[in-house]
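Residue numbering begins at 1 within each chain, and the chains themselves are lettered A, B, C, D, E and F in the order written.
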Amino acid sequence: MRKCMLAALRLNGFPCKRPENVTADEFFSAALAFPGNTCNSVGSAVTAANVEKLPGLNTLGVSMSRVDYAPWGVNPPHTHPRATEIIYVLEGSLDVGFVTTAGKLFARAVCKGELFVFPRGLVHYQKNNGGAPAAAISAFNSQLPGTQSLALALFAASPPVPTDVLARALQVDGGVVEAIKSKFPPK
Amino acid sequence: MRKCMLAALRLNGFPCKRPENVTADEFFSAALAFPGNTCNSVGSAVTAANVEKLPGLNTLGVSMSRVDYAPWGVNPPHTHPRATEIIYVLEGSLDVGFVTTAGKLFARAVCKGELFVFPRGLVHYQKNNGGAPAAAISAFNSQLPGTQSLALALFAASPPVPTDVLARALQVDGGVVEAIKSKFPPK
Amino acid sequence: MRKCMLAALRLNGFPCKRPENVTADEFFSAALAFPGNTCNSVGSAVTAANVEKLPGLNTLGVSMSRVDYAPWGVNPPHTHPRATEIIYVLEGSLDVGFVTTAGKLFARAVCKGELFVFPRGLVHYQKNNGGAPAAAISAFNSQLPGTQSLALALFAASPPVPTDVLARALQVDGGVVEAIKSKFPPK
Amino acid sequence: MRKCMLAALRLNGFPCKRPENVTADEFFSAALAFPGNTCNSVGSAVTAANVEKLPGLNTLGVSMSRVDYAPWGVNPPHTHPRATEIIYVLEGSLDVGFVTTAGKLFARAVCKGELFVFPRGLVHYQKNNGGAPAAAISAFNSQLPGTQSLALALFAASPPVPTDVLARALQVDGGVVEAIKSKFPPK
Amino acid sequence: MRKCMLAALRLNGFPCKRPENVTADEFFSAALAFPGNTCNSVGSAVTAANVEKLPGLNTLGVSMSRVDYAPWGVNPPHTHPRATEIIYVLEGSLDVGFVTTAGKLFARAVCKGELFVFPRGLVHYQKNNGGAPAAAISAFNSQLPGTQSLALALFAASPPVPTDVLARALQVDGGVVEAIKSKFPPK
Amino acid sequence: MRKCMLAALRLNGFPCKRPENVTADEFFSAALAFPGNTCNSVGSAVTAANVEKLPGLNTLGVSMSRVDYAPWGVNPPHTHPRATEIIYVLEGSLDVGFVTTAGKLFARAVCKGELFVFPRGLVHYQKNNGGAPAAAISAFNSQLPGTQSLALALFAASPPVPTDVLARALQVDGGVVEAIKSKFPPK
């Protein structure tokens, strides 16, 4: 552990305590013990235990998330700008995949107890391929990997990504883009 | 420069030469001197000078690209999984933007001689905002930054990302997804 | 993914394939789906999914292990020379702890669904604090973190660490050291 | 982007703002749009856009400079202690070179639109090889690469590098060293 | 050197000064010029010159220690969680060794003027193999490598590592563990 | 230690052995035990123990050198492109200094048993400030730091750095440059 010698200080922008005030609880989290609420439009929920939630992770280069999936729920395509992810299925069975920079999809089913790796920065997704809830644990080689949902980044940014840029990218007319944007209410 | 002592060897998977056979040309490229062909569906073209093209970049952690834009052409939303990008406008004027992991778009116009930064791994785009051709030079802090066009990753991967995953992500029905996919012919 | 262009090549000392021969299975492992055999002197078993077992991890900087614990079983004090570890309890409840370089023990109970962090390179252990089997998943920010059991490093190395060195370190006479060494038969 | 949660804080020694106060302008610079003043003893001028000038570069690991050259002007031999440089010629034609640790000079002409790489930390220079002004853009894989002009470091440091050290290094007598030092007035 | 612009600031948790107040003394230490006091239970003493003692080391990634050995004195088995060590013998002759993660001991005698390398994070020791005092200089590729004495971590942590964990690890009964613990008085 | 599984392989361009053939001698060097020959024009000699000489250093990120100085001998101004250096004086007393990128010289005397730090990539020198031989040990946070003597890089490169470039840099006429070049016979 790097030292942080005064209570008022921060290291990497995160608060730190006097060493004598640090306890084992700084390195502990119960946040992933319970399923997230998957009653939402995609049928999945991500609960993160990163340095924003768990200060003891600062300078240590790891973090974890729990993902819960309603039946047939989807963790939609997204990237982690600063980390590789390794996912372990706690319950159920998932269809997972990532797309390489050469446009190749690497996908397969991953069942309870199995694991899969999503290389740093690449687009990936998971889908519960069964009628019961599923859950997984993901670990990252960053204390703050970041997550960028591609649907939200493209269609729900604030201010919005210009419609003509998206229309050109998707080879559709602006009305299709506007229709998709309308699904994501402004924040 | 790290050494690579035998002609038959590779370092990081790239070929290397005996030191006595290395010349200044290993560190030189003329590939970015001429405009790419922007006669395509998005009206832009990227010409890369990375370690695959310029072996002298191996172990050095930098690379460059040239982007050309037809009038109103777009370099559609994409990410670089392994690098921050810094772009310098050679000709014309661009509307550029990136989306943070918090869903905020940072965008503005960037004119000839100005520069803009796209942080590592985040979704970003450029658009020629004028009626004349434009061009820019991009530099990366990786010898092989990788590029993932999001339209291609989502709608043109091979094999394809499942339609129901995309429909769920975009909150549209599968027909809309299929319609977009049909714009990108299989490779 | 870094590229590795010829089948006969290796990157970081591990084999690589032509890109067209890589499949999703390179990024998948079922090795952690089943409990290890804890019928041994410490009552625990570690099953690793690192780059030696899962070639797709090469250059990606993550790996995972499963630890199984017999009732009251112990994963004895050890270090990982090249990684921080984050552990998630799958079943049961563990007493875990690590010792800082200042000689302070950070310890607590960690129950099913909870997680704990062991900072890079520090001595740590886990103990099943219940009468039923327990299990945990550990993730590392290295594709090959390495594990050094301290009992084995000190008392079962081959050739052995000199008895007088250990006696001096432990402030005991050589007979005590020899008695401990005798518990660990030569390999 | 790493977070920096309070306006009063600094990360890596540079100021940071509340996220809600960050704008696209933090990632933008117009500083390289105009030629520097080359009316000086070497006939060149470097304009930097590094983290000292462009706070948004903090933690991002890139920066850029513009170099302008009067006819036959020289950007004299120097090093960047913390970065590899990749240079792109905007106008004119340059003679460029770097010296390896084995004492070999890699040099060649680089014309408008062409690029050249100067590996991390090695001595390099550029010279306008024509009678018209020239200009180039340089990118670095550091947000603060540093620049050490060798003539200034050797002959114009404050306090000065001892004359006898330089005389010994250059195999000349002290009078020659003093004569060169006299060209660089004290700051 | 990274900059640290205000006297009141800290970088990496360590204090920094205005550049105009920095002097050569920040990069200098006399702390290793004199033997440490080896009148202790192990017959050795380590004197460190790391970033806690030598602020100029901040961000520079190196540090040094001096180790003194009484006749037959031992620097007992320990690890450095964040650094490789390279040791140079100043006086006398040492028996040194480290244990790999595969449980193999690499050991040999190292005499005055010779050097030996202890790879990052691995258990290692030195012993004065002669009847006169010995001394060595160790360098590390970290400004704060940390040191974890294994005897102290296992038997003298505060609070203590549970006796049953150690007994299980060492394959001895608790009385043996308690006897060893009793040699290390509580701090 | 990273693994290197076949005798015929190389890692980072350096040869590796089957693990069963590795011995402690891979991590040992006697090369620094004896003074180098300082009967040369600068009155100093550097003996290196880097990964080219000591294969066990591969992937470990450290190396060491011994520098010997004749009375009043000089280790002339040079840089290490890839490492910070920390120097420990074995015998005698040195005047040492480095120049920052701001052109400030940090210099002082360093006596037997004292140490000094030269930050990564900056110009530095040492001079024996006494009439008896002196010696020092330098450690680096790179297994292959590289050394670039500035006198040799500027005046003795092969092919030579153009005289007009040097004349412009030093603000002298070409005859002075040619005179200095003539002191360094072609290799």
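Here is the rule we go by: a residue touches a chain if its C-beta (ideal position, glycine included) is under 8 Å from a C-beta of that chain, and two chains touch if they have at least 3 such contacts.
Chain-to-protein mapping (UniProt): A, B, C, D, E, F = Germin-like protein.
All of these numbers come straight from a predicted model, not from anything done at the bench.
Novice: Going by C-alpha centroids, which chain is farthest from chain A (Germin-like protein)? Tell me that one.
Specialist: Ranked by distance of C-alpha centres from chain A (Germin-like protein), the top chain is F.
Novice: Which listed pair, A-B, E-F or A-C, shares over half of the residue-numbered contact pairs seen at C-E?
Specialist: A-B
Novice: Quick one: report the Å distance separating chain B (Germin-like protein) from chain D (Germin-like protein), using the average Cα coordinate of each chain.
Specialist: 26
Novice: Return the distance between the CA-based centres of chain C (Germin-like protein) and chain D (Germin-like protein), expressed in whole Å.
Specialist: The separation of the two C-alpha centroids amounts to 47 Å.
Novice: What's the distance between the Cα centroids of chain D (Germin-like protein) and chain F (Germin-like protein), rounded to whole Å?
Specialist: Spacing between the chain centres: roughly 24 Å.
Novice: Among all residues of chain B (Germin-like protein), which ones touch two or more of the remaining chains?
Specialist: 97, 107, 119-120
Novice: Inside the complex, what are the residues of chain F (Germin-like protein) that reach chain D (Germin-like protein)?
Specialist: 41-43, 74, 76-77, 79-82, 95, 97, 99, 101, 103-105, 107, 119-123, 125, 127, 146-162, 164-166, 168-172, 176, 179-180, 183-184, 187
Novice: Could you list, by residue number, the parts of chain D (Germin-like protein) that touch chain B (Germin-like protein) in their complex?
Specialist: The touching residues are 1, 19, 22-30, 32-34, 49, 54, 56-57, 60-64, 84-86, 88, 90, 97-98, 100, 102, 106-108, 110-120, 137, 139-142.
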